Each structure stands twice: as structure tokens, then as C-alpha cells.
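Paired with chain B in one complex and with chain C in the other, chain A is shared by the two complexes that follow.
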Partner chain A sequence: MPSKPKLPNPLNIKTSKLPKPPLPPALKRTPKPVETGDDVTLGQAAAGGGTSVVAWIDERTAGSGFLRGFMFRKVPKGTNWWYTLGSATMFAFVSQAVTGIFLAMFYDPNPTQAYESMRHVNNEVFLGEFVHGMHKWGATVMTVLLFVHMARTFVFGAYKYPRELNWVVGVILLMMTMVMGFTGYLLPFDQRSFWATVVGVNLNGTGPIVGPYLADFLRGGSEFGATTLSRFYAVHMMLVPGIIGALIGAHLYLVAKLGTSAPPWMKPKDVAGDEKQI
Partner chain B sequence: MPSETDKKKSKYTADRGWPGAFEGETLTRRGFMTGVAMGAGGVASAMFGLPALGFALGPIFSKTEHRALLDVGSTDDFDGETYVPVVITTTAGIGQAGKTLLYIRENSKPTKKQPWPYVAISTRCAHLGCPVRYIEAARSFICPCHGGTYDFEGGVTGGPPVRPLDRFTTVVKNGRVYVGERFSVNSQLERVSTRDAGEHVDGLWQILYPPRPTT
Partner chain C sequence: MDARQKEKYLREYSAMKAAGKPFFPYAVGKDGLMACIVMIVIILMSLFLGAELGPKADPTTTSYVPRPEWYFFFLFEVLRVIKPPDLVFVATLGIPNIALGLLVLLPFYDRGPERRPERRPVAMIAMLLTIVAMTYLTLLGAFAGSPITIDEEVPAKYQYGKEVAANSGCLGCHKFGENGNDGPGPNLSEIGARLPKQAIERTLDNPTPPMPSFKSMPPEQKKALVEFLGQLR
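And now, the complex of A and B:
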């Protein structure tokens, strides 16, 4: 009997089937069977409703397998609070998205109306100043968290093989966050916004060869004009948030697919079982 | 009798033993349909993608509209000794953001390079575009942002600016002073095409900062 050809396995990863991810005890219990038939009371029908709905959706999406792998995946020993910074950054982005949508309901991206509309939000709208403040300070929080997350990844060596691509995606997310900060800074349209944007656009203009064209592209012309503000507004609330959302999806997919790395102080002998070589 | 290698190299699908091959065909149906589907997708994407790209990039190549001459005052309002601040509207319809401040004085000694009857200095700093202010006691223009300083003619005397302050053309009609287009000047105060703040117009540096295609 010919033996199976041996595939190269440089990392010596166990190719046998991995055990199913651990589930919390509450999810391990088998749900009670749904009562059916003519003599089912209203109470029994209501009690089985949740199970029926979940089963109906799961039968049509097979989502439970995906969720089990995504939510209850194994993490290496030594995982600690530093590993929550990515989630924290994503939460800051979600907070920015929600507060941004509510600000957009009141904001008018017209050079003669923008400042007045934000004055209205801050002084007259119920909780307007608070939501505006959350968006303004949340931008800083998101940027700071992003940098701390990046520092954690760097110091822990979590960018190394096979996670290099996730580092690249993360750097693009960093750049997109910078674009959000730059374009959002103009929108209140006060003196600080206006002159900071003048300086920022001219900074882009100092780039060799492409700089002058980049500055014209950002302003939508050779001077700060009628469409500059709406251009920044469209980039800030439609183009870049969409890109960030898609990239966060790719970032999370790679995290779930590749798993997280153990902290650098964990020795292979401290890490049990299948994670030993990963 | 053709060899096996010849058969593999043949342009006819039948010779190469492809599934779905026809006698005398060089392309299978699957290959043809794949090409059609890719081509149709490409055409459909280009149909919205190219106009959208052009729409976004168009302003780079659009010609700067020539603004009408702006009346900034009587010839009696200005002299050759000091600058008088004047606010003009460079972009209409956008309120305060479309206004800019100029400093104007009489050009007591017009030269071939500077034939304008009045000197109208732009307050846009040649470093990064902050508004400069004329300080009479120092007979200098000072930028509040990064400390750029300019002499009475607008030439750089200190700080990070890369060229003198921009100027505007001026004309006199019926005893009134009118301001025209913005233009940039090099370190010799010679007129060059209008540039953004921060762009060099002297020496080898200017190669890195091409002028707009349309101005």
C-alpha cells in the first residue's frame, strides 16, 4: 500500500482537525423542544418562539457556525487588557459614526450657513452641544486609541508572519483616520477651522510634482471656493467612512482567521496544546 | 503525423483536446463567454467610473475665471509712503470665506518689471497661506503662524516663506484705483504665474512645483 505523500509543513502545525471552539455553558444547553400540536397553550407557544425564530434564521444562513468560530475562538494564554485596544478603537469609530449621523441632520454644508447651523446645534438643539462635543473629542479619542493599539502590536511583535497584511490594512486605516480628522476639522467653519484648512491644503501643495495638483483637487479649484466645504463634507461623511468600514471588516476577518498572537514573554512551554507553534 | 507537443501548441481547440471543442475553432464557448462577461463588466464600470473620476479631477484643469476689476478707492486714498488695508471679495457667494485683505500703496517709481501704478500686496503668506499683517513701526509684514517676515516690498527677510508675497495687478481709470488678477513674484520681484503658498519659484526648486496647466 503506497504511503500518502508528505506535504511540506515548515511550522509543524498539527493538521488534524482542531477541537471545536469552547462555548460558554449557557450556550451548551440543548434548548427544550418546541411544543407543537393542537393542545399547545399560548404560554408554551411563546416559550418556543425564540428557539423557533433562531432556528428559522440559522437554517437559512448557517450563521451559528460562523458566529461560534468568530465569537468563541480560542485565544492564547497570556492574553490581557492590551488586546482590547483594537475593539476600543472600533467602538470609538462606531461612536463617531452615530454622533456624526445625528450632527448631519442639523448641519448645512454651505459656506454662508455652516457656522450658523453649528451655532444652532450648540446653543439651541437639545443635547446638541453634548453630541457635538462627543464627536469632537471622540475624534481625538479614536486617534489616540489607534496609536496605542498600533504601539501594542509593534511592541508585542504581533505584526510578524503571518499577520503582515493585517498591519498593512491597519496602516491604511490610520491614514483614513487622519483624512477624517483633516476633513472634519473644516466643517464647524469658524476662524480656526478655516485657517487650519488653508494651512493644511497648502501643506499638501508643498509636495514635489504632485503637490500643486493635490492642493487644487482638495480645494476644487485654485482658490478656497464655493465647493470646497461641500467637497470636504462629502469626503468626511460618505467616502472615507465607507472605506474605513470595509477595511475594519477585512481587519477583523484576518484577526479571526489568523488568531491573535501570544504576548512575547510567553514561552512555548507555557502555551498549551495547539497554540504551541502558532 | 503531428507530435504531442505540436498538438499542445496548436491554436485549434480540437487539437488540444479541450472539453467543448469544435473542429476548426480557436476559442471555446466558455472562453468566449468569459471574455464577453469581463468586457461587459469593464465597460459598465468605465461608464460610471470615468465620468466620476473626471468630475472629481476636473477642477485641476479648469481655467481660472477672470474676475472683473474691483474698485478699491480713489487715487487720493493711497500714497507711496505707507500701505492702506483694503478688503476685496475674490470669490462671490460664500460670505466671509471669499474675502481677502490687500495692502495697497502708490508705486512711486514704476519700472519695466513693475509697471503697475499701484502696488497691491496680498496678505497670503508664502509659507502656508496664513494672513500676514503690516506693521508700520517695523515697515514689515509679519505672519502670525510660523514667524515669516517680509520687508516693505514683500521680500522675505526671515522665517520659512519660500518666496515674496504675491501681488495683484492694478489700473487707474477716471481717478479710481482698480485691482485685477493675483500673480506671484520671484525673489527678484519679477512676475511669474500664480502659485499656491509654499511653492518655490526660484532656482532648481521651481522644477518640483509645476504651474497650473491653465494659468
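And now, the complex of A and C:
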């Protein structure tokens, strides 16, 4: 059989430079080449189907190169449980997004209906109060994880060169998460959330120069009314989640690009001569 | 860090990274386990703490003490510490924004090469103080109850006004005799001696923030409330 032509590589990725998957030797075999040509039986074509589809996509996106670079990059020795807090925060955010979508299916951002729609969720919808509760307490969990993650990066000096920008992105994420808490609190429209938000908006209004404009923007006018609620709703479920999603993307890009910091007490010599474990 | 220190850091880091383990499956495994724990905690909190609604929002009565989400308590408590009305904006915007600025700019003023916490005493002490202050303020906020009674004896004709005051959330920010919170609003135990009734009514309609406006309170309630406040001296 004549040797197969090399696969085209339109995106010009140098696979030899990419990290290798950490497989045990038994699994480290090159996949059999896919049978092509006119005399291929149906069975052979089906067997190669998965590989062909992956190869087709990969030829056009070079996605496997990205995935290999991302998934099999090394994390420094000594990486411990404290390093899971960032991804845990992200997981809590995903949980908020999913439960939030379900709540949005029932929620009505109208001052006369909002409270009733949440009552309906709590009392009649299947698993309604459960999902509502997950969203409500998920917010608390996310905030706590966020603060602990921030404390971790602070104690480990992970905000220092070259990761300064990732710290800045993180602080913006912190602010956006607080905005989510503030806008979300009004939505059930019970007495507590209503009056807390009135006071909160008034607080913004005390600021010099921009304060009154900010308060008017939040209220959607000079009085607290129907537009206020729909405005909070739009900010809470579209604007800020979009910003947070994009910022998490930037945050993770920087994490992957720069690598996660090693614990500050690790030194290269510990690494070379193995073993001062922490 | 100067160029030499940067170069040294990057060199040492790449050595430590090269000696590390692949992200998948080692770090991913830990992250995944942590995600499961997070999920379980959220589910348990939802099951045991629920998501009850309070009474429906009613713009005409503040029978509820305004209480924000717990992670805003510390901001609200700053208000109690700084009371003079001219300085309210210092508490509401000044302090939080300065704190935020210090936080964002941290990597730009703390540029030393040292990363070990035990050798960064200033940074660690600053962090501990911040944590203690925020925890203290948050706890203060958590235990500042939602009082709805005023014990002070008043003549029968002011009784209704006293109930309106007790049920309208004033106690969340004001003190009447022994009841209520001392701040962010001034003590009202002797307000009648300080302000005439018309001025009190004007304050209720057009207060200085953060006090909410009570313009939409039903007139007979407001009248009783003003009468009650006016005789406090």
C-alpha cells in the first residue's frame, strides 16, 4: 500500500510543540488510519466515522491544538486545594445562570405581577421553591467563594508580576457580582427587598456630581416605579451576566496564558530534588 | 520588581512549571470534586433554608426595616459610624470607593518581589485588619434587629402615631428612647424640641438621603405620625 499523504494543516499548527496527554503507556497508541477510497465497506466507514468527523472539524478550527494546550499544560508542583476556589466560583456562577434561566421562565417583571409570579414559583411550580432557593443561596455561596479566592491570591502574592492584570479583572468581577446581588434583591418585590432597594438607590444619590444621575438612572426616573423593576431585571439578567461571562473568559485566558502561580514557598530547588511537599 | 528580578521570577517559574503535573486530569480532578461540594452545599442550603417571600411590597407603608442582602451590611454599617448629614456621602461613596481604589491598584503599589506571606508583614496585617473590620461590621448589621416596638409611654391620643412610627421602619435608622438603632439617622427622642411639626412633615416628604421619602404614606397616618413626633421632647 502506498504511504498515505500527510494530512493538510491549513492553520499551520506545530503539533510537536504541544503538550502530550498524560496517558498510561498501554493507551499510548496511534489510532489506526481511517480507511478511505472507493473500496471501503460500510463497516469500515462506520468504524472511522468518529475519527473522520473530529479530523474534519480539527482541520478547520485547529481546536485540538487549543484543547491540548489548555488541558495538558502543566500546573506547578505544590498546586493545592486553595487553587480550586477560582473554578469553584465559576461553577457557582454557572449554577446561578442555569437556575436563573428557569426562574426567568416564570418571572414577570411588572410591579403588580412580580410578587405573584414568585409566589406561583414557590407554591405551585414543580420544584419551584427548590430552584428559587438554589438561586438565592447560590448567590451567597458564590460571594463567599469569591472573597476566599481573592484572599488566596492575596496571601500567595499571586497578584504580582506578571499577573497584575488578572487581579484587576478580578476586582471588576467582584464589583459586577455585587451589582448582581443588589439588582437581584429587588426582583421578588416583597417589602424587605423593596425598601432595602429604595434606601440603596438613595445612597447612590448622595454621591457628589454623578450621584443624583446614577440614582435617576437606577430608578428610571425620579420616582421609584414600574420602570425601576424592569430596569433592574434587564440589568440583572442580561447586562451584568454578559459582562461577567466575558470577564471570566478574559480571566481564564490570562490564567492559561501565564500559568497559575506556584505556592510562594516553593523554590525551584525543591522541585528539582523532589520533595518538600506542603 | 526590576528587570533582573522579573527575569529571575520567570526563569524559576518555568522550572517549577516544567516539574509540575498536567492540568488534566490532576487539577481538573480537584476542581471537579470541589464543584461537587459546592453543588451539595447549595442544594442543602436550598432544602433547609428555603426561599420564603416576605409580605408583598407596598410603596405606601414601610412596615419593614430596610435590610439589604447580608454582603451589603458592612456598607450600611459604615453609615452608622459616620452620622453628620454633611458627611453622609463620605460614608456612602467616599469610603467604599477609596477601599475599591486601593484594592484595584494593589498590584501597582505593592510591587516588591517577595511573595511569601510571612515576609510581607504589612500586607498581611492590612489584610487581617480589613477582614476583622468587615466581619465586625457585618455582624453588627446582622444583629441590629428589626425592632417594631417603641416602649415609651405616650398620652392616649398619640398612641396611633406611635404605632405608625413603630411599624414604618423608622427604628431601623433612628432611636426613640431605648428602642431602635443609633444611626444612620439622628436620635429622635427629642425631635419635637428641635423641629417644628411642619419641618418634620417636610423631612418626611423630602428627606435627605439615605432616608426614604414617605410622601406616599396615607395622610391620616402621616398626620398621626407627625403629631407623635412633634410631642417628643
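The rule is simple: the second predicted complex is superposed on the first by the 229 of 278 C-alpha atoms of A that agree within 3 Å, B and C clash if a C-alpha of one lies under 4 Å from a C-alpha of the other, contacts with A are read in each partner's own complex, and residues count from 1 in each chain.
The rule we apply is simple: contacts are C-beta pairs under 8 Å (C-beta built on N, C-alpha and C of every residue); 3 or more make two chains touch, one makes a residue touch a chain.
Worth saying up front: this structure is predicted, and the values here are computed from it rather than measured.
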Fit or clash between chain C and chain B when superposed on chain A: clash
Which superposed partner A:Phe217 touches (first chain B, second chain C, both, neither): first
Which superposed partner A:Ala226 touches (first chain B, second chain C, both, neither): first
First (chain B), second (chain C), both or neither touched by A:Ser52: neither
Which superposed partner A:Val199 touches (first chain B, second chain C, both, neither): both
First, second, both or neither for A:Thr36, with chain B first and chain C second: neither
Touching partner for A:Phe154 - first (chain B), second (chain C), both, neither: second
Contacts of A:Thr61 with chain B and chain C, given as first, second, both or neither: neither
Chain C-contacting residues of chain A that also contact chain B: 111, 189, 194-195, 198-199, 202-203, 205-206, 208, 211, 215, 224
Residues of chain B defined as touching chain A within the complex: 56-57, 59-60, 62, 64, 90-91, 93-95, 97-98, 127-131, 145, 194-199, 208-212, 215
In the complex, chain C residues that touch chain A: 1, 6, 9-10, 12-13, 15-28, 30-31, 33-35, 37-39, 41-43, 45-47, 49-59, 62-72, 75, 79, 88-89, 92-93, 100, 103-104, 106-108, 110-117, 120, 123-124, 127, 131, 169, 208-212
Chain C-facing residues of chain A, complex: 19, 21-22, 70-79, 81, 83-85, 87-88, 91-92, 95, 111, 115, 118-119, 122, 129-141, 143, 145, 151, 154-164, 167-168, 171-172, 174-175, 178, 181-182, 185, 188-196, 198-200, 202-208, 211, 215, 224, 259, 261-262, 264-268, 271-272
Residue ranges of chain A in contact with chain B within the complex: 111-112, 189, 194-195, 198-199, 201-203, 205-206, 208-209, 211-213, 215-217, 219-227, 229
